[in-house]
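Please go over the structures that come below.
Both complexes shown next keep chain A, but they swap its partner, so chain B is in the first and chain C is in the second.
Coming up: the complex of A and B.
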């Protein structure tokens, strides 16, 4: 199936956004305390669809909420009554504006684990009902390395509508999926000119090349995958994790981390069970009921984090559990870079052979 | 403010004399002008050490990890860091004889945007109060610094209660419960935090506004009279929450009511909540 490309200008794009907001539930980056988080918006003035990547949290919470109710229960003398929670507010038809490419890609990565042995129906529903409009970045940030990883940033099909600010000052909108095609077709009629893919390609390519040239960080992910797989017991992990304060921020802001914990909020005999984020950097993460902890020290937890991202997930699902967005590095209170850590550890492996 | 050369020399000397096992300092992160804390065990790595006005993170945090426990440690401390170190010493978390402390006369550090941090402009104790060796010339002079109530809490206090409540509700709503504030705090050293109990859960681990309120308020009260305003928590917060409001409010109340007490300035000072004085106010007791 071939999809449509439109060409318009800044005002046309704004009209498109406004039309989308008028017809669907829309989530977009909203600034609060200097950080942008994806929230429900009614007007374009409330949000910034081109928020700076370094200050924007990921779209993951719209699919895997930071806290979700799992069930409610009431303890009675006859036993415990368990009931379903109210309707999922995230499962309605909605549009996400201003998602970054790395964010969109992270959903593709997460789909693998959510479609694995247990099918998470809530996640599926949220995915099906969401249309993602993503603007291609013009410039890489300090800690970005998406172009070095195992996905094609230029032709990413994880997003539904691609927005490119062409080098010629025009704005290109390209549908990448049927969902995106439908949205573009329904809200975009008069203000834009339909162009063929070939006509739009040169300008879009020019924009992409300028963007790709702005990356300072370059990694050979195949080499990292191969080398890390061989060095589970390297002491280098101890060196690189020394300055980590185990604050877990990296996992909470990561668009691909998906570990969670279960906790109850009880009032007398009634309670609600919640599922909320957790991190493998937490000391108690692997603590077992008998008191044994297979990862009692920090470097082992760090090793798990690095290996899960670049070895285990790759082996199991064929994808890296990292999209190169740099959010973990930006949020880290001590500026530890995952890029530096895996590069350094795999370089140490090279020396050892 | 640049003590890179001096700190490199000191660390090299300490390793050469066999006085320390590990040196805790800063190095460049290699990507931009920001710095990464570094724990140096190999004397050859001493040349990595730097110290400029970008050396923001409070390194006393590392004294509670396995990398430094029961080892002889060299550490760099600014004024605020040294106050937290004082509290760690008073609260028997580290042994003074295991430490070699390089104190800095701090002219203030800068944030990501390159502007002087707010806690530095209000700083009462810029010069390290614990040290084996001081670098730079004293910034505090002879008692010229006066206590300034934090401008943000003064501004907030002028607003009506409903507006303040709405503001803090927004703060707690934006908390993502990662607990990074707690982990990055040098004085949160409990091996098992009350917030993390799996059994007898007083605190809900979920990320609801009420749970965030509960956790953050408990945390700030455990730090009342102890917080040294190093802003590690704010630097760690991925949502950029104004956590200093909680601490500065506590600090100003304590400063005004408990004989101008400032946490960690005097060695062996147990802090406002841990000692009894006849001068303590009792007008709030019913």
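Coming up: the complex of A and C.
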């Protein structure tokens, strides 16, 4: 299937966004206290589709809520009554506007764990019903390293509609999937010009090359994968994790971290079961009743975090569990960088050989 | 995912106080007909909810060859299990999800000598397989059960062990850690009794072991010393779990999901895992 590319200007793009918002439930970055989170919006003026990446939370909560009700129940001596919660508000047909490329990619990574063996049908429904419009960044942020990882940022097909602000001042819109094609077909009614891929390619390439040249961070992920896989026992993990305060923020803001906990909250006879974010950095994460804990110390938990992202998930599902967005590093209260952690440990592994 | 986390309601049919800190809960599904549909194999586990207190992972300690119920044997060890011991009685209701996980390699052990080595509450998962094998006794050759506990009072399934002892086709060896006045048989830790009393035949024998982590470690060392191949030593791992569905990430050891790829592993498989369990 070949997909359409349009050329328009800033006003044409705005018209497109407004048409989208008028026809579908739309989520977009909304500013609050200087930070952007994806919220339901009705008008373009409420949001910023090109919010700065360093200040924008990921789209993960729209697919994997921070806290979700699993069920409600009444448990008394007379018996137990379990009722399912109300309809899933995230499963409706919707558009996400202003997702970053790394956000879009994170869904491809998460698809693997949610779709093996037991299928997470809630996640799947949310995924199927969502169209993602993503503007390609113009410049990498300090902690970005998406172009160093195992996905093709330029030709990403995890997003449905690509928006590129060309160096020529024009705006390019490209459908990348059938869902994106359908959305463009239904809502793009401005005076934009339909162009061929070849006509759009030079400007889009120019924009990508300038973006790709702006990265401070570069890594050879294959080397990191290979070296980490060989170095389970190394004091280097203690060195890199020493400052960690086990606050778990890195996992909570990470677009690919997916560990969760199940907890019950009961007042008198009525209770709610929740599923909410958890993190392997928690000391109690693997603590068993009776006291046995396979990861009782911090460096082991950091080793798990680094290895899960760059070795174990890759072994199991074929992808790095990292999209190079830098959110964990930006949010870390003690300035630990996942990029530095895996770079330093794998460099140490290299030195030992 | 949220839907997969909603449990079915089960009724507690019977509570058996096995030891001062272990109780067996005999359960049936509240909804008619569900019990017959609940099929599981020895080694599998369930997620067991005391609603309001929390959800815990327990192996099923009975065999589906015994119809009409299933058992969970629960040792008082943490917050939820303490609540269970304090408040869960006959007629009460609990939430159950499952069965989850893999099971003992039933095809591999057919036609073999069986040696079960259990310690403490570790007999619970073995009991499921022991019952299954007793109910299919002609499929197996020699059948030995070595079971150890700290004291005679700490032995689980005392009545059932008597039945096993009375069964001429089973060889039952019991041991406790320290001598007691009324105890007339073996005294000593499980690996010692394994080497000095049981002296198992190596050839054509499958060993299935479970107990406290330290016991498993030394038992496996003894078995290897005795000459057992890693693939013939089978154990079931204790690991923190929550979802049971290969999603929540808690039971990961390396790229392995203990809740899906396990909890049953051969020693050969355990050796390929990072040393973190």
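Note that in this section the second predicted complex is superposed on the first by the 349 of 353 C-alpha atoms of A that agree within 3 Å, B and C clash if a C-alpha of one lies under 4 Å from a C-alpha of the other, contacts with A are read in each partner's own complex, and residues count from 1 in each chain.
One rule holds in what follows: a residue touches a chain if its C-beta (ideal position, glycine included) is under 8 Å from a C-beta of that chain, and two chains touch if they have at least 3 such contacts.
Quantities reported herein were computed from a predicted structural model and do not represent experimental measurements.
Overlaying the two complexes via chain A leaves chain B and chain C side by side, clear of any clash. By the touch criterion defined above, A:117 lies against chain C but remains apart from chain B after alignment on the C-alpha atoms of chain A. When the shared chain is aligned, chain B comes close enough to touch A:277, but chain C does not. Residue contacts after overlaying the shared chain place A:308 against chain C, while chain B stays out of touching range. More residues of chain A are touched by C (comparison of chain B with chain C). In the superposition on chain A, A:32 makes contact with chain B only, while chain C stays out of contact range. When both complexes are overlaid on chain A, the residue A:263 reaches chain B and chain C alike. Overlay on chain A (Cα): least separation between chain B and chain C is 5 Å.
Note: residues 261, 263-264, 287 of chain A belong to the chain B contact set and to the chain C contact set alike, using the contact criterion stated above.
Residues 1-7, 9, 49, 51-56, 75, 77-81, 92-95, 213, 238-240, 242-243, 245-250, 252-255, 260, 274-277 of chain C are the ones that touch chain A when the two sit in their complex. Residue ranges of chain A in contact with chain C, taken from their complex: 68-71, 73, 75, 77, 79-80, 82, 84-85, 88, 113-114, 116-118, 120-123, 232, 258-264, 266, 271, 273, 275, 278, 280, 285-290, 292, 294-295, 300, 304, 307-308, 311-313, 315-316.
Those residues of chain B that touch chain A in the complex are listed here as 29-32, 34-39, 57, 61-62, 65-67, 170-171, 174, 176-184, 196, 198, 201, 204-208, 211, 232, 235-242.
On the chain A side of its complex with chain B, the touching residues are 32-35, 37, 57, 66-67, 142-143, 216-217, 242-243, 245-249, 251-253, 261, 263-265, 274, 276-277, 279, 284, 287, 297-298, 331, 333-337, 340.
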